[in-house]
């Protein structure tokens, strides 16, 4: 890595690290400490854990004589890297009232200073870990937002993180059109020089049957129709596990939808507080089970991840509604011409019908960072494309996100597919 | 379907129905009533539910004037066919002390007589349902055995269903060899005239990367080595969900293994009671999590279902160690020549690394029977090949069995695979 | 104990042991094996456990050379006597399909023969244990009935143990009258030569404030009024724990009440099957929480156990509606004169407002049988007087039964009390 | 109430309100927000709920034209007063990151100013509620401390609320002596003009059998002996529910005891952080189950509440080790002469063997405040005497505290009793 490359990396590091701090502006010490469910983590924990990553995998391992900020922090802020020692129980993260948010911000500054000073002399292997750490932190930026949203949704006061400016995925009133996909042998998976997570590769051949993808995401208006027609009450639409989930949790609408006093679904809670339901906006915060049931009700199905990736390979992954800075989502340039795929990147993560499994020839990254993805390869489904809470530039056509089929506190949506 | 075909079907019906009754011989009224866990069903329930299937989908639907044996039975013995009305809660099946086993056997005779009398005049669509019902009952024959085994394993008296005769999967002392599989575009899925379940089709193209399969199943001796080397204690071998399962349930060996007084794993419980562990016999009653962890420890992986099916297409699915009659497992003809695949059919269901999902173009069968498989397409993994408790003739190369990754009370085993 | 006394004891033994077998007539092997909830035990288990008591505490301990019926039975049929070795998990009792009911009946005959032969030569300490064993078995006779009732109540077939003959507590259409109780220092607790359980003593002084007891039990008709007036919906009637129980379990009526098709409470399930609700019959199968809430709603309270015992001391404990033989409940002789207490003995166990705690100077019986009562002295409430399922002669004025405040599968009822 | 009395009440109000704020000094916004278990509440919630009490029951009900600080607060800070409207779920209190601690302190100042201004003109009934509110707040002061202690005990950083000054109950190295109690008819319960909670009355006669009380609390050293002799491992010492609790939770020592690196019990965590175990200090943070098991092991029993109160009636309830101000516990004047009872008031709440039930003639206070105590009269045991975390002056001889038998995060201890 040449000198210029190191400069670029330092710039990138500063930009990523700065965005995290920006996202936490407006949070009180308590806001940053509370944990609203075991799946979520406190904002403070995200800010500290991402810093711990740089301190542990880079400074401690590659900078001789590095003095840790606080020797107790590794125990507090390790997540699931079993190879790096004991950890605090996941569900108890919200009880860590100390260190305070201010102390965590000081921890961040300490590590930032040490890392930026050490960067020019670092070995290439360490620089690659810095790059990985930036991508890792971008993931946690989105999680920080979804976790704060979930926390604030529990509050009777319904606080808004960003009362103005943030509007989530963009609305579109156009009728759905079908776009035919490629058939036969196609190549998917990451290849080339750029960064990717281990589970995105290796690049390999797969075979696509004739199919088409919807040109846009399913909207709130369409979802209301699904509800009106008994979508949540007809067992035949649902997977067996999905139906059990619906019944056990009395699910009757997307996660943050709220009723008006007359009982009608009229608004939703978001990072900008409670806003009225826009029928043309994409439906969000739905589980895989709901996405799958909707598709069956609509006479369609979910795309496979190979269908999605094959279609996305010709699109610019930096375009679309992504998070550009705290509170702001960038505009999507208007596309033109014949039927084409909209909202593929940004807006909402799209559930696919593919289980998150290893690609042929997959090998986990060596060392502790190799715990990253491979260990989650059971029971989860793949989502593609990023969301309005994903930092712009974070995702690629080959990017594989994954969650359990009942989870829906992420910015998730659904695009239909069908066999031809 | 010509007259001869009807005769053949009647023969097949008699043979299948007779085997079920044979399997239940030796069970007391209580043995046939108890339910040892929610995943399992009482033997009596299996005997009644399979009969309910013929009564409901064939006699009631296709035989004008048919008088049901008891109008209350549909409520008692429906399983998950939501379209066919209310059902008794799954976990409460063991509380149905009445009707008695004797009454259920009378119910079977009543339905058998009606069906056999009606068979010659039945429409083709009804005859297809009879065929389906026979396959359905064969599935429940294996479940009846695995559920009784689980029940008897809870008993301090360790009763044996078949004290003699049944020996489970066959032992083999030969060293493992690797057999290279096909590459590139291959066709899998069911095609042709024979019976198959809806999820086995449609036949379609898929793409195989270079790989090899082990020529035999993993043995008890090899598994003991895995345990000795800390297999159940090293987090790095395990999927994240698998590790949580191991810890939460204090798992330390296959399901029915037992220690001697010195604490060593020395015997296992089976349908023939407690027998000493044979190091050359295939290891059985393991979960997907265990199979996957073992494979990772061994530097290998599980086969995909496409790899398995592609390799099995040239083998005779009626060969191998299957259940031929109550208590008896047929012998495997000795194969000859160069490295080749053994134990593919029969012996033990083989976990694959493939999630149970729809094939391209999959359409559930119409009507209530269409609830059969499609609704289970989340969270489960595919197993292939049948077991020593599967009635001979029940499985095919395209046959897809599926269970959750933690389940292991079925006759499950593991065959290794690797990338080339 | 003189020769005549031994004869009397043998008679009593035969009578008690015979009643147990009589109660189990009409049960199939499965009926006797199933366990409908952890609080309940299989009928077979009651039959075996009471036999185990005689075999373990008397034959094994006091008869040199006694050969046990089956050396594995102690493990199977010990209940909570920790001092007597390991036990099978309580919730797994329903999985003991073997030994069969027939084998248990043979076990009973074997022990009966050995005990009756040994009785004439037994030491007085052993004879006292025989007496204790008879009382112990009488307790289990009532439990056998309540557990079978609970099991049959789960069945969609609603089987009746005794289709005719058994009618439970007797109805009375008379208006409630108050009977003033004694005041000041009174003596309660068992004294004298007769049998009692350790927790009934020692006899001691306690102090009663001015109070009155209702002359009869609360009726179904009165309870319907409680329901109609929102009894189960107004938090103010309930203890905090009781309200949580009502909400969590969606309680809205006594345990075995059933609605008609119009939704009205119209019938109840009992040992004689489903019968219509008699407004004049005592309400039964209610929890302490319900009894307490009803009393508060009625402007009254529950009696203390000292108030109840003090009032009962002048009544004949063998009078009243008790179990005389399988299926039959004896008649209550009509009382005469001024206001007096009815239904004190028999009919239904009456919840008191007293926690089950040690009397002053209480000492548990020595040895393993001393585990009998003292260990349950937290969290339970005292019930008094016996029920229509209690064998006649089993209870006394000093008899203390006890259950947790949420339990209601026993034959429980409520008598009001008030301060004067 | 004359003018002077109003002045006195204002002084008392100021003193109580000031102490609460003092206790919260040293807490960060997060410390004051987190909830470590459902039994506990956030410090912020205690500060707000006690203020809500004054605002709701006094200002809103008795001060015409009073403008609430924030109309949303009643929903947030109601506790269990069902009569006063809906409440936030108890387990979700820790998710109320807003309002902040600073806002709550402003809320307190607002209510304090309004109340003090209104006080001189208030009706006597309102003044009585002010008095009640002060006692209510004193209860929450102790809970605030026990809840913060429990929260900090979860932290790997083991923070101390009061690093110096607070030393908990006082140590004493003297041998235990027995002090005989009164016998026969005695009067207990509150009488007279002073304040008391409804459950302390009415005063009534009860009867005491011959007995003696230990002159001091059980010590850490004595408890270590109990542990060494297998106290937590011998089922015979334990109540049945207690043994289940020990096993299910793997209990092996008092709540905040900690082992040294060699595995020996060497220190305990408290409001002053981790300190070494003083063998002469009273053992604290034990459950009723533990207290009861210890007493049984020691050949003694727990006192009844009547025995305790009868003995305490001649002692000064303001003497002893109580909380005098944040971080400080007052000294106990040395007693002299013959065997006498020490540590009766202050130091630690003493478990009694009495269930928390209504006294004869008990009537709950009218209105919403009447929900205060009566609804908890099932399943809990009485504790007496106050602790080092109880504000001095809060308790009386008749004062009844109550907790479930498994709870031990309060400052609880044990004094032995025995029959004579």
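Just so it is clear, A, B, C and D label the chains in written order, and each chain counts residues from 1 on its own.
As a convention for this text, a contact is a pair of C-beta atoms (placed from the backbone, for glycine too) under 8 Å apart; a residue touches a chain by one contact, two chains touch by 3 or more.
Note that the coordinates shown come from a computational prediction; the quantities given were computed from them, not determined experimentally.
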item: Contact-graph separation of chain A and chain C, given in steps at minimum; value: 2
item: Separation of chain B from chain C, taking each centre as the mean of its C-alpha atoms, in whole Å; value: 47
item: Computed distance of Cα centres, chain D from chain C, in Å; value: 38
item: Distance between the centres, which are taken as Cα means, of chain D and chain B, whole angstrom; value: 60
item: Junction residues of chain B, two or more chains touched; value: none
item: Those chain pairs that satisfy the touch definition; value: A-B, A-D, B-C, C-D
item: Chain A contact footprint on chain B (complex, rising order); value: 80, 82-83, 185, 204-207, 209, 211, 235-236, 238-243, 288-289, 292, 301, 353-355, 357-358, 360-361, 371, 375-379, 381, 405, 419
item: Touching residues on chain B, where the partner in the complex is chain C; value: 28-34, 36, 72, 75-76, 88, 92, 94-101, 151, 154-157, 159
